[in-house]
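Labels run A, B and C following the written order; every chain starts at residue 1.
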Amino acid sequence: MKKHLIAPAFLALASGIGSTSVSAANLTLYCSAQEEWCQLMARGFEDATGVDVAMTRKSSGETFAQVKAEEANPKGDVWWGGTGDPHLQAAEEDLTEPYVSPMREQLHPWSIAQAESAGDKTIGIYSGALGYGYNTDLLAAEGLPEPACWKDLLKPEFKGHVQMANPNSSGTAYTTLATMAQLFGEDEGFEYMKGLHANINQYTKSGSAPIKAAGLGETTIGIVFMHDAVAQAVAGFPVKVVAPCEGTGYEIGSMSIIKGARNIDEAKQFYDWALSAEAQNLALQVDAFQVPSNMSAETSDKAPDLSSIKLIDYDFKTYGSSDTRKRLLEKWDNEVSVLPQ
Amino acid sequence: MRIATTERTVHPVLIFWTIVGWVGFLVLPWYGIDEGFFRFEWLFDGYPMDTDHAPAAMLLAMGQKWWLAPLLLPLILPLFVLNRRKTEPIYAKVLISAGAFGFGWLIAQGFGIGIRGWSFDWLEALFGPLDDRQFGMGYGALLLASAYLFFFTQGIAARGAVNGDVFVVSSIGGVIAIVSIFVFFPIAKTLLAAFITEDGSYSVAVFLAKFFDDRIWALGCLFGGRCGVAWNSLFLAVLVGIITTLLGLVFALVVTRSGFRYKQGLRALTVLPIITPPFVIGLAIILLFGLSGSVTTWVADLFGIRPTRWIYGLPGILIAQVLAFTPIAFLVLIGVVEGVSPSMEEAAQTLRADKWQTFRTVSLPLMRPGLANAFLLGFIESMADFGNPLVLGGNYDVLSTEIFFAIVGAQYDQGRAAVLAIVLLAFTLGAFYAQRFWLGKKSYTTVSGKGDAGVHPQMPRRLSIPVYAVAAVWTAFTVIIYLMILYGSVVELWGVNNTLTFKHYITAFSLRLDEGGIRWTGSAWDSFWTTIQIATIAAPLTAAVGLITAYLLTRQSFAGKNAFEFGTMLSFAIPGTVIGVSYILAFNVPPIELTGTGIILVVSFIFRNMPVGVRAGIASMSQLDKSLDESSLTLGANSWQTFRGVILPLLRPAILAALVYSFVRAMTAISAVIFLVSAKYDMATSYIIGRVENNDYGLAIAYSTTLIAVMLTTVGLLQLMVGKTRIGRRMDHGSGG
Amino acid sequence: MANAVIHGKAASVSFHNVSKMFGKDVLAVDDVSLTIEAGTLVTLLGPSGCGKTTTLRMIAGLEMATRGRIMIGDKDVTGLPATDRDVSMVFQSYALFPHMSVIENVSYGLKFSGFNKAETRDRAIAGLDLVGLTQYAERLPSELSGGQQQRVAVARALVLEPQVLLFDEPLSNLDAKLRRQVREEIREIQQKLGLTVVYVTHDQEEALAVSDRIVVMRNAGIAQIGTPRELYDAPSDAFVADFIGEANLIPCSVDRIAGDMAEVSLDGYKTTLSARGLPVGPAILAVRPSRVVVTRGTKSSGGMAARIEKATYVGSRMEYTVAADFGQIFATVEDVDTAFAAGDEVTLGFEDRGPVLLPPS
């Protein structure tokens, strides 16, 4: 008796799980920003154009791994969001398609510069400066001075209070390493990293983990992108954001069309739309505090004001290439990470 | 009354598979249907003439896909032996050659010709360019492949393999085929990356260079420095294996050998951690024991010491993993502890052993298979665990996280990931063989065919006191953790703003009733229903494959059994991340195209979780006297009927364990899932991770709490459905002691 | 009540040069040929490890012969698995399915033999009736005594009306009294239904009691086949003589052969026996304890002087250990009223039909 009931129920369940969903005008979007923003971009594009968007959200590293694995038979069309390094890497490995959008004239020069450095295979959609945040409660409880510069973090009283990600696993931390190499010159930059190493309590795996730990009171200071720190503060955690006085590097959140995209027209349509001010303004609705690449798009008033931050002239061409990355990471592994703490 | 099959020239099984083969070839679409496996729009969309939806026969008739033509021959051949006797050599010969050739050709053409014509340069060089191509295989190919496979196994059986038992030979063939396709093939594809040089050629030197890396093998921690990830993982896994086995045993003893009244409650509690989505336990532990955690601060205030980050590193991972994996040990051990024949224990007592001696010399040794299996599972789980080391690992690096970040991190070094995966695999293999060695060839049969009316003795006092103490402490700890989690889901911002609110639940699970019926407006519904659907499909399939495999391993002997057993354990031993990437690499291109579907999730769950079904099945089955099967066979039941009528009913605890485990793991798995989810098939865990990354701890925890409730209910329902095995042992404990 | 009747469908079993290897080097059964007539109860008897159980399992199809041919009736079953043979087996451990009630256990095999539900039940009841357990139909095996479980196992095998019914040491888990009772029941049912039964035991008394014929096995081969009487009275060698019942094995010498009779001398005692093909020379004299004649005092001729070493009263008879020049002799004497005591001087003799001449070992 039971058997007769179970079998059809099982079939009913099973029907449906085999489908990949393909109909009229479609777009498969790989999204590497936060969930809400991704949802909003997908729905926004659907509303604006009537194209059905199938969106998958994964971190930029995961998306890169997936795009690479799918190389022979790509399933995605557009990869939107996430820090620029994996996009540049994808461009270098010829996983993405060059495209020059008619929207380019509306963009900030840093965005176009990045696109050109990658042979037009990727483009900047937002940028965010590197910095750090600290937990105000903990800082007060420990009676520590408020840090304001990169060099402040080297002070002995911060020993065991600073957290950053491991550059081997996190793009954020690699950006930190590359920033120091550019800000202080490579030799002095590594000296800085060695000094910092003495104060680090943990190298986390994920890039934004240090500031989350700071929010929860698990570390005093976390080195992250400033918009991540702002998000933490806005969420209600006792976090204060610092734009280091010496100046700092930045990331460019990017977008690429995947090579061999099945819906290349819709992909380009999305690409153009995503560069418009209207699309970039959607960020305001989801507490995204990056700076949009469209010059006429608005920036959240809570976002760190890029004009008041000393930004270095970040060399994406050099520091985004896999050769430089490999060399710097190896050097960090051999010279910094092995030091006693 | 019985008609021996040699007399027969009618072979129902062969006829069945012949028809299946022909249907696959003549009727059903040969290639995969884009709309999906269970969608039938193709029936009205140009079928059978449209190339995308045409059956193989139609394609050939239209002069396309000439390489499918040879498939016809092995389909025709078996028709000639339908009226032959099994014992005639021609019967076996024809079936074996037809099956082998058909299956081989099917595979060869599938791999040889892909979406860009020839898949290999040497094929192009040999035959010249091919201006045709093909996509992934569909229903037709699936049916035909099964038909060929079972032609082959029937041929082998007819030649007398495994006593000519068609069911057993076919099961072995079937399991080998699916394990090869869904475990060996993808994993081999990934592990090959360890040997690939930067310019794309293969080299052992590359492997060796990456293998003998100080970051993997350094022994610095013995001298105050850092140890390599390999040693870290090994040390952690051994600790976790031992502790979870002991704790699992403690709980199994409390449930089966004590007068403790609230056994069901305890059972539910021990099962809680297994049904908890990843990261949640880690977060709770941080809020309790972290630098600003309540316990840490309280202790620091009490003793006037500075709070430290002691939890980050080995202690944190250890606590979280022991919390998470003890239930697995418990599930394995409960069946074994219950299964130890009371009369053996009674025998020991009559031989002047006191309760403690009985326990030590009889009960405990008889539980060996359970203990060994529990340890092995704990060890492997710890090795492959990814969520806990990520959250609590501090600077204590382990293989699983290193593998993950070698793939997705700033290095993009798949070769290193493959090398690390090989190291991990080597450890697992080592543990596997150590277990085999320890169990040796002793017999642990305790359920014999004689009705056994004994009663399990109570635990000896010397044992019961520490057992109760440990169980109590651990129970209290678990309860606190879960109260914290529950609390976390109903406050504004966990750890910062403690105002009570239900807003997280509302965001995730709100509904609206309007004229169209229920509108699922909450943000979590999509992933929630997908998760339930996928888990519900995966669980029974996992249990079935697992138990059949266990049956083959314990009850049948055939050549290559050890390799077979190892193969079935392989997917479990490899971290989910590697499986995830392997699956994309293997199943994103023809002949088997599965990415983006729900099937790939189901398949990955089946093969990730099947080993637990296998282990639980083996542990229980090695306690069933073989004469039970034999008497069923001599009573005229064939091996399938024996399996269904005698073994399965006696294996209910193992079935329940396998069902529960696979259902729950499908709902809480994350590492493989990250790579396999797609827009349409998003899973709860990947949604939860998205929330955690976005600082929405409340929402993540509220979702997790809901999942926990759902799973608890399901586990309860399963327990009711599968029921208890009725073997008539007296359930009450003798009052005489 | 049940209107089904259980019949026998007895068939013969024959082995033609059958061998069984386990692995590469364990020879469990070595080139055995034998025939078991339809409708007879044949016992495979021998010490542990002699291959008797393996032989039985080869009839069942639970082990496959490595070499040779096995026939049941006129059908070659050598390659057939257990399922496809018309054979039932009663296991030493009974192998009752613990999760099924008695009636379910008995019906189990019927389900696979093409009976409908009503027939299955009728037959199962008939089977239980045959072993007198109808009232326990709904119980679980664990709720029955050992003897009852045993009978359920028999009923379960019987209802299938197998061509051959196999028993693997079926009585070894029962107490002595029950053992006698159950073995009589088995024999009774076998004779009533005319079944072919193959029965493995290591208990020679059990074998003698139930068998039509006994196959004595030793070292993977057959030592002797015969009726109980033949084996007891005319064992083919010292092994069989000693294994079937008790026997005093006394070295002797054959002095002269005359026709088919042999003149045997033993320590001055001379007798004439059936030669059984033995040549002149050393031989062994096998004498059952009950065939030894013990008389008081020393006689001048026709006997051997000996002395009682131990005398034991066991109720129905006296048991003596007697020391003679050639060694010890064990003797049983019905006369308990004029018993000897230890130390008494006696004369030993053998009854006419008593001693059997065996080849020297």
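Here, a residue touches a chain if its C-beta (ideal position, glycine included) is under 8 Å from a C-beta of that chain, and two chains touch if they have at least 3 such contacts.
Worth saying up front: this structure is predicted, and the values here are computed from it rather than measured.
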Key: Taking each chain's C-alpha mean as its centre, the one farthest from chain B   = C
Inquiry  = Quick check for you: compute each chain's CA centroid and the global CA centroid, then name the chain with the smallest gap between them.
reply    = B
Key: Length of the line joining the C-alpha centres of chain B and chain C, rounded to whole Å   = 52
Query = If you average the Cα atoms of chain A and of chain C to get two centres, how far apart are those centres in Å?
reply = 85
Query = Could you state the distance in Å from the CA-based centre of chain A to that of chain B?
reply = 34
Message = Quick check on the complex: what are the chain C residues that touch chain B?
response = 60-62, 64, 75, 77, 79-89, 91-99, 108-109, 111-115, 140-144, 146, 149, 153, 156-157, 160-161, 166, 173
Query = Which residues, counting only chain B, touch chain C once they are in their complex?
reply = 1-2, 4-6, 87, 160, 163-165, 447-453, 625, 627-628, 630-639, 641, 645-646, 649-650, 725-729
Query = In their complex, what parts of chain A are in touch with chain B?
reply = 10, 13-22, 28-29, 34-36, 53-59, 61-62, 64-66, 68-70, 72-73, 75, 85-86, 89, 138, 160, 166-171, 173-174, 201-203, 205-206, 208, 212, 215-219, 231-232, 235-238, 322, 325-326, 329, 333, 338, 340
Ask   = Across the complex, what residues on chain B touch chain A?
value = 34-39, 114-115, 215, 225-226, 286-287, 290-292, 309, 312, 390, 393-395, 401, 404-405, 407-412, 414, 492-493, 495-497, 533-534, 536-537, 540, 581, 584-585, 588-590, 593, 595-599, 601-602, 674-675, 677-682, 686-687, 690-691, 693-695
